[in-house]
Amino acid sequence: MHIGLVGLGRMGNNMRARLRNAGIEVTGYDANPAVSDVASLADLAAALPEGQKLVWVMVPHGKITDDVITELAGVLSEGDLVIDGGNSKWLDDSVHAEQLGAKGIRYMDAGVSGGVWGKDNGYGLMVGGDAKDVEFAMPVFDALRPEGPREEGFSHAGPIGAGHYAKMVHNGIEYAIMQAYGEGYELLEAKDIIHDVPAVFAGWQRGTVVRSWLLDLMVLALNEDPKLDALEGYVEDSGEGRWTLEEGIELAVPMPALSASIFARFVSRQGSASPTMKAVAALRNQFGGHAVKKA
Amino acid sequence: MHIGLVGLGRMGNNMRARLRNAGIEVTGYDANPAVSDVASLADLAAALPEGQKLVWVMVPHGKITDDVITELAGVLSEGDLVIDGGNSKWLDDSVHAEQLGAKGIRYMDAGVSGGVWGKDNGYGLMVGGDAKDVEFAMPVFDALRPEGPREEGFSHAGPIGAGHYAKMVHNGIEYAIMQAYGEGYELLEAKDIIHDVPAVFAGWQRGTVVRSWLLDLMVLALNEDPKLDALEGYVEDSGEGRWTLEEGIELAVPMPALSASIFARFVSRQGSASPTMKAVAALRNQFGGHAVKKA
Amino acid sequence: MHIGLVGLGRMGNNMRARLRNAGIEVTGYDANPAVSDVASLADLAAALPEGQKLVWVMVPHGKITDDVITELAGVLSEGDLVIDGGNSKWLDDSVHAEQLGAKGIRYMDAGVSGGVWGKDNGYGLMVGGDAKDVEFAMPVFDALRPEGPREEGFSHAGPIGAGHYAKMVHNGIEYAIMQAYGEGYELLEAKDIIHDVPAVFAGWQRGTVVRSWLLDLMVLALNEDPKLDALEGYVEDSGEGRWTLEEGIELAVPMPALSASIFARFVSRQGSASPTMKAVAALRNQFGGHAVKKA
Amino acid sequence: MHIGLVGLGRMGNNMRARLRNAGIEVTGYDANPAVSDVASLADLAAALPEGQKLVWVMVPHGKITDDVITELAGVLSEGDLVIDGGNSKWLDDSVHAEQLGAKGIRYMDAGVSGGVWGKDNGYGLMVGGDAKDVEFAMPVFDALRPEGPREEGFSHAGPIGAGHYAKMVHNGIEYAIMQAYGEGYELLEAKDIIHDVPAVFAGWQRGTVVRSWLLDLMVLALNEDPKLDALEGYVEDSGEGRWTLEEGIELAVPMPALSASIFARFVSRQGSASPTMKAVAALRNQFGGHAVKKA
């Protein structure tokens, strides 16, 4: 099989390597000529074998993905298949599908999990689209997903958009699990009788109810920096966490733990500049004459 | 009526003034001789008229209140009445009642709300104890509480401990209301189309569903400092908020809003030193190679 | 002054009464002919004095408001002014303003708070629009708002949309304050030593930090039904709470208390059908053989 | 090695089997004679070899554990070692250690995780106590813990109490992870474009960031009952979750996600009887005339 891959950043580059290792021929395109196999998307399209060409898009969501889709609509042909494997919002998928569909080009969305470890471990995949497109692209999915039973590292979640939707929910869950370990870590660190927090985390890796891949990563992090002294408690959030919460609001799904995780990240970036807490401080000062901290 | 008042800090001093304005004779004692009317608790007891002496205790909760109670047990007599009006934990009340009761001395607890405004506005009172003690002390309660119908500024919540318990819950609610205004304030501040946040708050004082005394205080604070620039978003918490949450846990009462308010205060004092968020940052870095902020 | 009022439901009907009491002539239109003063919006427009006609719209947000705006665009003239006083989403305002503006018709949005009490107490108003339109409509605002200083019951929050935005935030705060009292109520109810919960709430009305109009309403409710036995713990949510949370997500404003209030409402409508808690029950059963409750 | 084991319920019975499989001789005692190897704790003590006897206690925490410790203090001798492997509160450990220590009997606490799967997979262990006692009991720990490196399934967390403390935090984290999967599950179930929720969960088992043992259990549960129709959303909570939250309050550790998980369980047991939501419903009715659901 010979496919096109658009976007050769950290993720795309790793995926190209994994695909080639699995025997799939990959022509890659990136806006950066230093890493690109071809000079343009037109060249990419031309490089692929006639018949049903498959192009996997792996670029930042939003405008950049929109632009790539628009350009692909111009260089691909009826019956070709585009798979957006980036972190696009699920609502973008129907737009992209329609745009490509106007030219008879097929579309699928794929949520991809695994981060920098995916190159070696394989990527967890959740896809949305038509069954026959899923079938056609299956050699690519099989190359990207981890070894083991297909259904343990791959799912066909539903029609177009369902793959990114499932990935979005995956990331919402991920946020809350990270927050859970974080809160537990802080409590253990705060308690005088716990003499060896890294050992406690390490000892949770086998046999316990809380063992997980994220726990394994926590152990790695604590091995490198047992008190996490080198870090600030400052955490960005990507789109998926917010979108998950938006969907919870839209569908009246209570999300106390997921929302707590997202808000904790918002707060982490404010520090003592939090307007909410300035207001609370102002109120305490007004009614109680409580001391406040002046800026 | 002539009563004793132990503790002449900001609250005690204001209360003495309000009581005297209402025609109640007050002999005050404070560890600080500069503000004290008498030299010792023994002198305080001696200064009160024979019969059922009434001593109101208004000192910091914990060890200081414990010590005052112990000392009062030595200088008062059977039938006298001690009222703890400080912010003692409700569990302390039965201990103090028993300690004094061994000498035949009566005991009541009184939760007092109103802060620095109480001197002029009167204090909201919630008391715990026996009905006949409530009746005996009523002139004092009537002097301290706001004008208007007694039942709108005073309640006999239950037996010993119930006054402090009701005050504890009052403060838990207070935390959450302050947090609510704070979050709304932050959102208004963050929104470009809201040109005059202080005007919006001011305009909520009449007719709206959210009008309240705390809102009035927010308006005062914004009058003084429209952007709250002079403050840091750093807020202490006193015992009552934590105790309220402990009781919620004990009695299986879900407290998502109250707990959120307390945790927001905890976080406000951590800034970028939050171990929870360091752990989350470490995890993101491990799996995604996401950039982290180095300390 | 003589204005038009579209929508004579509970809110509109009360507002017409209050406006007329203040000496403003009101021609009302409602789809229900039984309560309508005129037969159509065209008749309403015709009934108003030439010059700058003012029409206040007070119908359910969404499609019904959209339709009224569309119809008003056809029957009003350049220079006339439409004020949407309903609970429209702030994003709708710029659409409506543009639609009317194409005909030279002016537009303002007004957030209105006060519920069924507004007829007698006056309504808290937050408006968005141009200063000269605010000035023109001021007699209407003055008639609707509570007595007292204008700036305590009325605010000009910013340009078009700002009035509904401020009202949206108002409602978000309202949700959290209600939740705060609810949680405090539940804890008091759960505690054996609190013998008279209604008395405690009643006694908070004067002097305390938590006194508010919502507290007064809580006292009224407990007067009618001291244990709230007649009610189910089932609470709907209207759009504003959700929109507030959406905006918090969009603007990275942490909203732990507001979100908790909204999620509590979502949960209140699920009971034992909560899929989240079914999943948690399933997990406990899997790892611990813990007993679960079968449907 | 030959040890005593007190408590042959589900956990104790499984542990006896695992210990015996590992070549450790076990004399078990249970209050139920049908499953007990000996008739009394005195017989148990007598059955163990002279020298440093080791008795592992595996009974419900609280009074039952207290009673067993008291009785063991009477039948064991100086230098013997008691290990409490049950779910005791960490504060109980110093009491038990002192009680036994008065007779020269040694004490350790062990947090044990793994549930019904521990018999085959091994149990994750966190222990508190002196290093020399840890060393003496290591053959027992090695038999109980999972295969693989010792430090991945066992930790010596600190002095007496630290084992149960670490296990308490483990369970707090467990609650939040379960809640995270639950919220994600509910959102996927609520979304029309997700056609196969069990397949999505199954596909997360390999390669994804959220893979974990609890996820594997979720897959097992969905295999048995794809819609979880057989369950009610009703979840008990055990002591550890509450204690974790109490400790967070005590040590000022913000716990938004952990507390959310616990409160969700509290709410799950209330349904429409929630007093908080009755109060919120009452308030809405008061100010807005909003329809309420009558009991």
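When the chains are written out, they are named A, B, C and D in that same order, and each has its own residue count from 1.
Keep this in mind: contacts are C-beta pairs under 8 Å (C-beta built on N, C-alpha and C of every residue); 3 or more make two chains touch, one makes a residue touch a chain.
All of these numbers come straight from a predicted model, not from anything done at the bench.
Subunit A and subunit B touch with mostly matching residues; of the residue numbers seen at this interface, over half occur in both copies.
Of all chains, the one whose Cα centroid sits at the greatest distance from that of subunit A is B.
Taking the mean of the C-alpha atoms as each chain's centre, subunit B and subunit C sit 33 Å apart.
Mean C-alpha positions place subunit A and subunit B at a centre distance of 47 Å.
Subunit A and subunit C have Cα centroids lying 38 Å from one another.
Residue positions 114-115, 179, 181, 183, 186, 190, 209, 214, 252-256, 260, 263-264, 267, 270, 274, 276, 287 of subunit B are each in touch with at least two other chains.
Residues of subunit C that touch subunit D in their complex: 10, 115-117, 178-179, 181-183, 185-186, 189-190, 214, 217-218, 220-222, 225, 228-236, 256, 264-265, 267-268, 270-295. Partner subunit C is touched in their complex by these residues of subunit A: 209, 237, 242, 245-246, 249-250, 252-256, 259-260, 262-264, 266-267, 269-270, 274, 276, 287.
Taken together, the subunit D residues at the contact with subunit A in this complex read 90, 113-115, 118, 121-126, 128, 145-148, 151-159, 161-162, 165-166, 169-174, 176-177, 179-181, 183-184, 186-188, 190-191, 193-196, 199-200, 202-215, 244, 247-248, 251-258, 260-261, 263-264.
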